[in-house]
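Order of writing sets the labels: A, B, C, D and E. Residues in every chain begin at 1.
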Amino acid sequence: MAKLIKKRSKKSGLPPGSLVHIGERKVETPKISIIDYNETQFQEKATQAIEECFIFKDKPTVTWTNIVGLHQTEILEKLGDCYGFHPLVLEDILNTDQRPKMEDYGDYVYIVLRSLEYNHQKEEIESDQISIILGQNFVFSFQEKEGDTFDPIRERIRTGKGRIRKIGADYLAYALLDSIVDNYFIILEKLGERIELLEEQLVTRPTPETLQTIHDLKKEMIFLRRAVWPLREVVGSLERGESSLIQASTRIYLRDLYDHTIQVIDNIETFRDMISGILDIYLSSVSNRLNAVMKVLTIIATIFMPLTFLAGIYGMNFKYMPELEWRWGYPFIWLVMIGIGIFMRVYFKKRKWL
Amino acid sequence: MAKLIKKRSKKSGLPPGSLVHIGERKVETPKISIIDYNETQFQEKATQAIEECFIFKDKPTVTWTNIVGLHQTEILEKLGDCYGFHPLVLEDILNTDQRPKMEDYGDYVYIVLRSLEYNHQKEEIESDQISIILGQNFVFSFQEKEGDTFDPIRERIRTGKGRIRKIGADYLAYALLDSIVDNYFIILEKLGERIELLEEQLVTRPTPETLQTIHDLKKEMIFLRRAVWPLREVVGSLERGESSLIQASTRIYLRDLYDHTIQVIDNIETFRDMISGILDIYLSSVSNRLNAVMKVLTIIATIFMPLTFLAGIYGMNFKYMPELEWRWGYPFIWLVMIGIGIFMRVYFKKRKWL
Amino acid sequence: MAKLIKKRSKKSGLPPGSLVHIGERKVETPKISIIDYNETQFQEKATQAIEECFIFKDKPTVTWTNIVGLHQTEILEKLGDCYGFHPLVLEDILNTDQRPKMEDYGDYVYIVLRSLEYNHQKEEIESDQISIILGQNFVFSFQEKEGDTFDPIRERIRTGKGRIRKIGADYLAYALLDSIVDNYFIILEKLGERIELLEEQLVTRPTPETLQTIHDLKKEMIFLRRAVWPLREVVGSLERGESSLIQASTRIYLRDLYDHTIQVIDNIETFRDMISGILDIYLSSVSNRLNAVMKVLTIIATIFMPLTFLAGIYGMNFKYMPELEWRWGYPFIWLVMIGIGIFMRVYFKKRKWL
Amino acid sequence: MAKLIKKRSKKSGLPPGSLVHIGERKVETPKISIIDYNETQFQEKATQAIEECFIFKDKPTVTWTNIVGLHQTEILEKLGDCYGFHPLVLEDILNTDQRPKMEDYGDYVYIVLRSLEYNHQKEEIESDQISIILGQNFVFSFQEKEGDTFDPIRERIRTGKGRIRKIGADYLAYALLDSIVDNYFIILEKLGERIELLEEQLVTRPTPETLQTIHDLKKEMIFLRRAVWPLREVVGSLERGESSLIQASTRIYLRDLYDHTIQVIDNIETFRDMISGILDIYLSSVSNRLNAVMKVLTIIATIFMPLTFLAGIYGMNFKYMPELEWRWGYPFIWLVMIGIGIFMRVYFKKRKWL
Amino acid sequence: MAKLIKKRSKKSGLPPGSLVHIGERKVETPKISIIDYNETQFQEKATQAIEECFIFKDKPTVTWTNIVGLHQTEILEKLGDCYGFHPLVLEDILNTDQRPKMEDYGDYVYIVLRSLEYNHQKEEIESDQISIILGQNFVFSFQEKEGDTFDPIRERIRTGKGRIRKIGADYLAYALLDSIVDNYFIILEKLGERIELLEEQLVTRPTPETLQTIHDLKKEMIFLRRAVWPLREVVGSLERGESSLIQASTRIYLRDLYDHTIQVIDNIETFRDMISGILDIYLSSVSNRLNAVMKVLTIIATIFMPLTFLAGIYGMNFKYMPELEWRWGYPFIWLVMIGIGIFMRVYFKKRKWL
């Protein structure tokens, strides 16, 4: 789960609105894909020159421009000039350390959130910043690296399946958000499986590695929470219809999306509760095992110390030790020792140590 | 208490409103039961064809259709077409992983919540999703599997006992909710008994299994909480009369239901507090027992180590050890040893270790 | 502190408003006492027939009817019929597991809360449900068992002392609430004393029983909290004058009562904080004592193990051990051993273990 | 820090408004001091008869009457009669267990709060209840015992320094509150020093007494919090101008006072965080020391147990033990033992135990 | 991180508005720098006489006066006289223990916050109080000591780069706040690095010093939180446009600043969560190591105690011990001992202790 905090310091001192890419460079060259459609028409284009999307600016059709890779700041500069986006919006798109938020600039709405994917090789969650600008008849989406999150939406637009071609840009923006939130559930499934595995392990055989796993899960929960909690407010304010760009019919879908977000948060909180419960149990079981170990030691010591002492007594070299001369001294001492052993055993039984 | 999270991933990528059943298939074939009544008339029917309920659609009588089993999505499709339910409502009914919520669609209100039952064989709580659609003169209820929760209501309608036949569909919906919440109290009673048992165990003889029981109870509390907390808001918004489908006279009953929900939540929080108190006490008693064990070990070692040392001294084979030659050397050494033993005992008494 | 949760299950399945007594039967036969008064007149009556109070219904004087014992549900049925109380109110009075609440039914206000008394024999807090119905010129109060909480009020009415005879039924209801809340302070005093005792014990000599006392106090705090927290809202909404039955002049007294409630809550929270502090200290002192015990063990073992080893060496039976033949071998080995002992002591001093 | 809770029980059963002094008697005889002033005039008087202040009642000058000692309830009775204060106000003044609060009675405002002083002899915080009644042209202040908190204000009035003589009674009330809150900072400084001392101790040498100090500080924090948190609301509602007795120009000073109150609360919360951090560290360091002790024990036991065993072997008296006869048996066994010792040392080094 | 609380006591008893410097004296002589500009003109001046800035008072250009060093209270007195600032504002500037706050006095807005810098030599965070007074055409900024935080802004004004020369004094105030908040991110980066280092250490080799580091980080978090949390409200109320001195176009920048503040808070909370997670893991690993140590001890003791006992038996000097005479007694006892050793090993393996 990457770095705790990104190198924001390289921007310190620059005036606000300066376009500097903060974050890793995750793709070699930026890729731009343009999809323009309405209920009857459909056009798709892949390019590297942002200028190609400017011709769609004044057409009434819905234009969706997806930009992958953020390190070439010129692309954003040109885009900002052409569409009149506020410099602070462009700055926020480039700064890949944003907290999910939604800003209404009147003509357009800027939404930023995090897309999460589970990397099965590295066994960790990967997080990407996704920015969306929604206007009257356009949607711009910005990704740090290529992912397949948006593929089903592209397919639905191509085939004209569902409502997507009939309703405007606001529904497209909703569909993008929805596909990102849907991915969260896959992450939650993965984490849920890991937590269940952990619980089983706890019962069968806890090891010091269990502790590390608990810590890792806890940390992932912290990051997940941070990515999802603010989203609730973002979707909530979209749903409450604070922007005139969102039609009433889309609002019902946003309410559904809001419910999903709440459900994700609910699951995260449940997971947190469970992990902290697991940690408690782990700690207690460590104490219990210490107790068990100490009991073994105490039993052994309590039995053999007196016996060894007795053997020591009759190992002394005093000249006058009458017992040593006795005919049955040796068997008798064995009987005494066995008696002590049996007594100890009974005593431990009574104390429920055995 | 089932899985942490259900396989929602199989829906990922589908457009919103796609009808896919998420959850286990708990019955073989869906069962549909229709009850149609007003103050004077009463009609009851069991069928497997959802079409049979469509004839009641425009009749002024109240029609309650109960559908058990959700895996045949065609039933919902047909129902949605006939009554004009929003696709998102149908989707939510099929997705058995919902958080309790209430959605007002103007013509009808959609309510989803969880019904809880205590399975005495498995000694665990079983949870079912119940969806209710309340319209002007109809109520649809959807269950995952058959249960006897609604039986008393059916009986009351049949016999015409109580207010139920005199008031409209909103009172029926209230009665359904009320019977579900009433069941929560039975669950709470069961859990209360288990907590009291646990407390007694803690006093008499705590074992490592106690820990597992605490963990299980804690986990059940987490799930219970998750099922009940959101219900408060659901019933609250029904009571505040945000929907025109709820009559004023029913509102007083909803206030009562709201109180019950609060009481359930109150009990859950009390239980949580008690369980966390029990865990604290358990951990402390483990520490206390460790202390007790260590004291025994220390007492034994502190008495016998010096004595064994002394015996070792007089077991040495030095040629010139005058004590060994003494006539009363051996009895004298015994006296010394007994003296050390008594001194140690007094010392431990003073330190309050014995 | 009685049961965690009362047997509500016997009501499950019954229609709302069914009159079933939930709780223990604390008195043999219900007792009804009627006091009717205004500034000039005063009349007092003790009966077992609820009908006797109906004659006061339309008189302008204030009538206070106190009913002790709830298991005869007919009494409530008749009362409900005569005064037109809502069935849910009657149900709530009988269900002695209520959360404190206040419900305004227009003509009358229903208040339910818990009265607490300290049972000095059993050394535990006893809790009773008290229901109060306040109307224009009447107050009904319902108790589970006889108590002396209301006696001073009766006395004040009889002697005409204070404002109580001059102001209406609302002031009487306030006086009843005030006397119940006053009792809470006595409970708090008792608990405060026990906490102070516990703290002293902690300093002088903590025992495993201390742990049980902490747990018991914690549990009593949970129950107390549950009884008092909701009361704040009850008194608060009475004071804010949401009901027209409360006159402005009484409101100033309700504000005072509200302050007392807050103070009770404040004290409960302080006690909770203190008890959790005491638990922390107890746990730490257990650890500290374990440390002390282990140090003794380690000191003993570290001194005597090397010495016993040395003694063991010269107890070996090798044929050629030159030291054994030395004239001063034995005194010399004693010197070595004493030297080791002194060195160890110095070493432990330096490590601050002694 | 005195008692947890004061003997309120002696008032239980009395009608509200009964004048009973609850708390300790801290002075022998009550002292009354009267200061009457406006911009040009100034008059000061010390008396024991409350009647002397009544002559100032109708004069337009500001009259400040300070009453020290509350056990003579007649003083308050007479005062209440003359100025028409509500009996509940007089009751609250006498009950020295009040939570800070502000009550607006229209003609006058009643404010109650706690003054804190650090007693350097007893090394504890002493707490006094201060009541203030602010009217159009008078301020009454009630103290449990004499203190020097108000001396600088008296001096400022006498010399006419600052704004105090120019503005009305509301500014005087503000000045009194301000001087009390200023004292809180001195308490905080003291506590801050003790916390810093505690932290140093923790690093150099923690002892079991450290635990007691932490507990004491924690308890003082609880009491401090309880005295200061409600004050925030008191000053806040004064500042928001809810009473017409407060002039706009005074409000700016009350805002400043509000900031100070927030700052005190802020500091208290910081201290609480720090103390709980210190407790964590203390507990961990106890565990760490236990670990260190156990390592020493284990090292000693692990080295000497095998060696003692070996010595024991060659102390056996078997007739046929060839090693015993060897010429170099004894030196050889020494070599073996030294070898085992060195091996153990290396092993422990590798495990980083040494 | 300096003192917990500053010596405020030296002001106690003085009337409000008294100008006393509370805090350390961090510079020798105060330095005053004046920058006066509008879109076309620019003038810069460094002086020690505050009077030099008074000539700019009535000019329409924006005047930024930066004052470093606060111990010469005459400067503030003169400034207050000339510009008519409220004495409480001047008092707050001098009291360097302020909580961040914003106060609107109509003609001017007073903002106080903390600037944080990481001192690489001392490896600690240094904190300075910065006060800003924003008027129609002037900004006063007050620093405790010289820093380079404002240098880039000075440079931007000099070169006329960015919007800064075109917009009024409100944008300048925003720019100052922005540069301070930007610095917080550098602090967060530093802390983030230290937390990551700590985590690695935890995995590789935790030492008792780790505990001290955790405690230090925790403490720094407490201080950071205290400096940043209130800032949120400050910027929030500036952004909500509660003062008429802030133009609408600046508000969009303040919204951005607000987002940054939230992000800083978000990071601090994440860090806190992580540090508390690290502490949990540290404590658990201490317990785990104790377990490991105890197991070694128990294994050694459990193997060698019975063996030493056996050796002791045959070291006894009884006259009649038949085994001692046996030809193969000695080899046989060795076999028995090796057998016991092997059995113990197998037993421990089965218990998973090895």
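As a convention for this text, a contact is a pair of C-beta atoms (placed from the backbone, for glycine too) under 8 Å apart; a residue touches a chain by one contact, two chains touch by 3 or more.
Being a predicted model, the structure only gives us computed values, none of them experimental.
Of all residue numbers used where subunit A meets subunit E, under half belong to both copies. The two sides are thus made of different residues. Between subunit B and subunit C, the centres computed from C-alpha atoms are 26 Å apart. Centroids of subunit D and subunit E (each the mean of its C-alpha atoms) stand 26 Å apart. Centre-to-centre spacing of subunit A and subunit D amounts to 42 Å, using the average Cα coordinate of each chain. Within subunit E, contacts with two or more other chains are made by residues 283, 287, 290, 294, 297, 301, 305, 308, 312, 315-317, 321.
Beginning the circuit at subunit C and passing next to subunit D, one meets the chains round the ring in the sequence C, D, E, A, B. Listed in rising order, the residues of subunit D touching subunit E in the complex are 151-152, 156, 161-164, 175, 178-179, 182-183, 185-186, 188-189, 192, 195-196, 203, 252-253, 255-256, 259, 262-263, 266-267, 270-271, 273-274, 277, 280-281, 283-285, 287-288, 290-291, 294-295, 297-298, 301-302, 305-306, 308-309, 312-313, 315-321, 352-353. Per the touch definition, subunit C reaches subunit B in the complex via residues 3-5, 7-9, 11-17, 86, 88, 91-92, 97-99, 101, 103, 205, 208, 211-212, 214-215, 218-219, 222-223, 226, 279, 282-283, 286-287, 289-290, 293-294, 296-297, 300-301, 304-305, 307-308, 311-312, 314-317, 321, 323-330, 333.
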